[in-house]
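Pasting the structures here.
The two complexes that follow have chain A in common; it is paired with chain B in the first and with chain C in the second.
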Partner chain A sequence: MINLVINGLNVSVEDGSTVLEAARFLGFSIPTLCHVDGLSPYGACRLCVVEIGEGPRAKLVSSCTYPAEEGLKVRTASARVIRARKMILELLLASCPQSKTIQDLAAAHDVRQQRFKQEYEDCILCGLCVRMCEEQMMAKAIGFRGRGEKRSIGTPFDIKSDVCRLCGACMYICPACQLRCTYNEPEKAICGACANLAPPCVEKDQFDDMMCYMDPCVACEIQKDK
Partner chain B sequence: MLKLKSLDDFRTLQDRLRTGRDSDIPTIVIPAGTCGQASGASDIIRVAKREILAKELTGKVKLRITGCHGFCQIEPSVLIEPARTVYPNVGLKEMARIVEAVAKGEVLTDLLLKDPQTGEQIEKQDDLPFFSKQVRTLLDRNEKVDPIRVYNYLEHGGYSSLVKALDKRNPAWVIEQVKASGLRGRGGAGFPTGLKWEMLAKQPNGREKFLVCNADEGDPGAYMDRSVLEGNPHSIIEGMLIGAYGTGSKHGVIYVRNEYPLAIKHLIIALRQASELSLLGENILGTGFSFDIQIVRGAGAFVCGEETALIRSIEGKMGEPRQRPPFPIQKGIDGKPTAINNVETWANIPVIIDSEAEAFAKTGTKNNSGTKIFSLVGKIRNTGLVEVPMGITIEEIVYDIGGGPSGKAKIKAVQTGGPSGGCIPADKFDLAVDYDSLTEAGSIMGSGGMIVMDENTCMVDVAKYFMNFLKDESCGKCFTCRKGTQRMYEILDDISAGKGTPEHLDLLEELAVVVRDTTMCGLGQTAPNPVLSTLRYFRDEYLEHIENKRCPAGVCRELIHYSINENCVGCQACVKACPEGAITGEKKQPHTIDADKCIKCGACRSVCKFEAVDVT
Partner chain C sequence: MNQAATTESEKDILEILAKHGDDQGGLIAILEEIQARHGYLPEDALRTVADETGRSLVDIYGVATFYHSFSLEPRGKHLVSVCVGTACHVRGAPMIAEEFERQLGVGAGETTPDREFTLQTVNCLGACALGPIVVVDGHYFSNVKPSKVAGIIARTREGLDEIEVETDERVFPLEVNCPHCNHSLMDPARPIDGLPSIRLTISFDNQHCGFNRSCLYGSFHIKSQIDIPTDTVLYFFCPHCYAELVSASNCTECGAPMVPMVLRAGGMMQVCSRRGCKSHRLDLEGVHV
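Showing the complex of A and B:
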């Protein structure tokens, strides 16, 4: 067992836990976008930052990747953490305002407006779909490409991947596209992560074999409108 | 090539090389690094060779082709040894004359460099203020060694530090020496090298360990690592060998960017020579110690200079950082302990072992020992690589070595540490250049870029330039770095276009602090430095852009306009130069600029000999 201090409380957690797991186990809520139990920690969204250390050596780290260490002092909601989290939510709202998940998070943190130029992006590049595809579906059909502002998710060479089983797990896990995945226009129906999926089914019977999680099925919705 | 089977074999060879050296024969030294070749060194080398052969001077005049000596301003240059006469900006005809003069032992006074202030001619290289104020521990070897001849390196004491370390038969001694020398990582962060090695050496026994030389030098305007690699590749190999002996590593990797073809070529040659001599590979010099080095070429991503991204790149994966801990020293290449050091750090290791730690620690200041190479560029008279002891003031570098501003405008600031560094204003030029003082002043040491800016440089534009660089070079993995740099660029772009508001400034500062706090790797954590440091020292310039919609330096296009004043003599030069036909006027009559047509390219201003074009 590892003993650490979270928000002034002496606690002990199992070896190998991350700070996020420790804090959540004890009931401290830390918002996340790119973290899901069962997928490897990635640390991309930065929403889960917490403050560790003291005095001039205090710093913010992403709790989903930081291992719980003996004697570590963690503050999950210090002024510095809250300020950073609010700014991150503001940035998220400025880029991806249509996501219900992001809207709810912003509301919960009292972020009522954003001060940047409004953009409408589909993907926040949290990488959940990539990890889902690789780690749970064992497919590795999609991945990242490009860097900086040109970074995006897709299949190699933008052609349909042979290893994609059209399982739809990438759509299921996406935190940004919940709203848009019930969209009726094929062009806008799916976020960048699944843009390369052919419609997974034409009829309902086939759809059962394909382990699709979607309810209602996106492809069926699209087909209906055609 | 001769295979060296023991330490004594090595000493015999080195003694023989040293006694065989005839230092009285005059030698023409031509620096031909990438920079030298770009300015025409290859051609003058050809002329020198032809002249020596044609005039039958073989044996009377020697020729040595070396890496960069550092003084870019005078390249292609020629150095004559042992007299140490230096000829600047040598052309093909001059080269032929120089060969002849060297054979006769004469000095061509008409070709010598003139002091810009006094007009006096300076003959010896060491009398040039650019060289005399430097402490050239590493760059000095660039002058002496032909990078593709290992015997040349051996003759000048090469690999004797390795032999000295091997002879002690105690790896802990090496680490003690490096620790006692106080050497700190020259890549920028300034982590004590000895400590890093000690941690690597203490990793559980039996685990494979890696040493990496980080030669992914990507800062705009910085090229000291390239010079060392091109000019003295064996010193890096020797440094890595000593490090491997101290830490018990078996594998070495030199991660060098593919944009440095000459450096890669010289490294490949050097590695082959070292293995042929049995200085690399299995059972080195018969001591049972084995170490091998391979070269991995980087594909040109700035972020791959960051340790964890570099490791992923070496593994063949996408070059993006991961969150630390675990640190590379615990989990590096393929999960094995890895120590990564910068080129300059490795080059310093043979110097430390050779002179022993205490002598090394005498240079520089407490906690910041040794020398550091800076690439001094920008609006300065003497551009080039300067090697100075730590703790020297910026003023000494800029005015004494650099010779002050290149034009009439006064120097306003220096930018240190590349895109992740900050700007230091002229009134802080008494600041000592070391890791701690620079960090305190809101900049970083970085890998050693030093860009000098004068009053014609707009600080908003500088911050915008670096933010544009960083938003392209951010890997995009973590949200605050990707979006933060994009949004900072967006705000700076608005300010420079005259669309800024005072609220923008607060937002910019707020965002910059959050980006610094929350990003994953060193790139993101230092990315706001250009913004924060310019806001700290040049806030009035930002306010001038926002409140008065004016760019004091006359750089931001949307905020300036060109006009012609009464100095105009009507020479028509600007009329011809204007690409848009915006300037009208009869000959010998004052001209005028049509503001509607003007695209603010500045062509008229650069051709005007009468200072008749104003920018307001």
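Showing the complex of A and C:
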């Protein structure tokens, strides 16, 4: 067991826990975006920042990747943390304002405006879909490509991957395109991409265990219409 | 696609993979070697690597697209790299890059339609004091000005390897030591190009002999006691401590091992061990010019 202090409260957690898990155990809520139970921690969004250490040596770390250490002093909502978190939300809003998940997070943290150049990216490179594909769906069909400005997520050579089962898990988990499957309520559709999607079950026979995540499913809706 | 050619290149790749064995960490080395042989990373090659090594294609593709030195598209015959690193930038590198783009008619990262030139920009080649730097097929051009661009292109078309030693500004003399015993390798008794040469011993096909090469960077004049057929990969030894001079990395052009020598001014020079291959690398790290 590891003993640490979170917001002045002592807590002991199991070896190998992260600071985020320890804080959640005590009931302190820390907002997260790129962290999902069942997927390995990745530390991409930085939304889960907390302050560790004391005095001039205090620093901000991402709690989802920081391992709980003996005697660690953690503050989950100090002024510095709040400021950093708001800034991160502004940056996320600046790159991907159309995501419901990000909008909700921003609203919950009282961020109503962002001060950067507005962009309309589809992807915030949180890597959730990549980890989902690899760790839960055991497919490894998509991954990160390129670097820097050109970094993107997709299949090798941008063609349909041989190992993709079209299960839709990547879309299910994506915080930026979660709401795209609004095919049956077109007036609410955000991007309409679902309407152009190859229905996932077309090649279903090939895979007995499809684990389809599309809900509502475009293909099923089309089927119903007929 | 030509069937024979595919199997041929596949054999090639299997050979490279066999050399690297099961070493899980060797992906970059494998890709480098494929790129050295083919000039780029063909899609089929990446698929073969994935199948053979059990890595997933996404991972390999991720690595191949991450590093600037890998290219997924065939490159031109000549590779022009314009340094736009900080030091070169303040000395006017953007103008040089633009001039190349204008004269070649392609943007950075593109290849001319006739497959002659590939233009790329790079961030710092480690020779900042001589900037702006342009490297064409491993030949360094220093203090480049926009007015010199046309000349560089013309000279590349003519063939960069023909060098007039007396007049060419790209050649400069180097003094080198053995990386093992640090003994000087300079040989004033057997001058080449009018300067002391670099003395080494070589062996190939059970023959051993002394070997001198020009100390001018950019000149490939040599003297050898026995005739060396082109394309032979030679083994180089220090004439003083008899240690073999071989570096961990392979030639990016032909895949043969490189021969390291220590520059007296600091840094490393590496030349390809294949007779006739003109690949060489200058690593000026730590030089205070």
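Everything that follows uses one rule, which is that the second predicted complex is superposed on the first by the 191 of 226 C-alpha atoms of A that agree within 3 Å, B and C clash if a C-alpha of one lies under 4 Å from a C-alpha of the other, contacts with A are read in each partner's own complex, and residues count from 1 in each chain.
Heads up, the rule we're going with is that contacts are C-beta pairs under 8 Å (C-beta built on N, C-alpha and C of every residue); 3 or more make two chains touch, one makes a residue touch a chain.
If you're wondering where the values come from, they're calculated on a predicted model, not measured in any experiment.
Considered on the superposed chain A, chain B and chain C are sterically incompatible, since they clash. Of the two partner chains placed around the shared chain by superposition, chain B is the only one that A:L92 touches, whereas chain C remains out of contact.
After overlaying the two complexes on the shared chain, residue contacts for A:K100 are found with neither chain B nor chain C. In the superposed pair of complexes, A:T155 makes contact with chain C only, with no contact to chain B. Contacts of A:F144 after superposition on the shared chain: both chain B and chain C are touched.
The partner of chain A that touches more of its residues, comparing chain B with chain C, is B.
Only one segment of chain B in 146-154, 164-172, 182-190 or 542-550 runs into chain C in the superposed model, and that segment is 146-154. Residues 144, 146-147 of chain A lie at the contact with chain B in one complex and at the contact with chain C in the other. On the chain C side of its complex with chain A, the touching residues are 43, 46, 56-62, 65-66.
Against chain C, in their complex, chain A makes its touches with residues 140-147, 155-157, 161, 163.
Partner chain B is touched in their complex by these residues of chain A: 41, 43-46, 49, 59-62, 65-67, 80, 83-84, 87-88, 91-92, 94-95, 115-117, 124-127, 144, 146-151.
By the touch criterion stated above, chain B contacts chain A in their complex at residues 301, 303, 318, 320, 322-323, 325, 471-480, 482-487, 490, 503, 507, 510-511, 514, 517-520.
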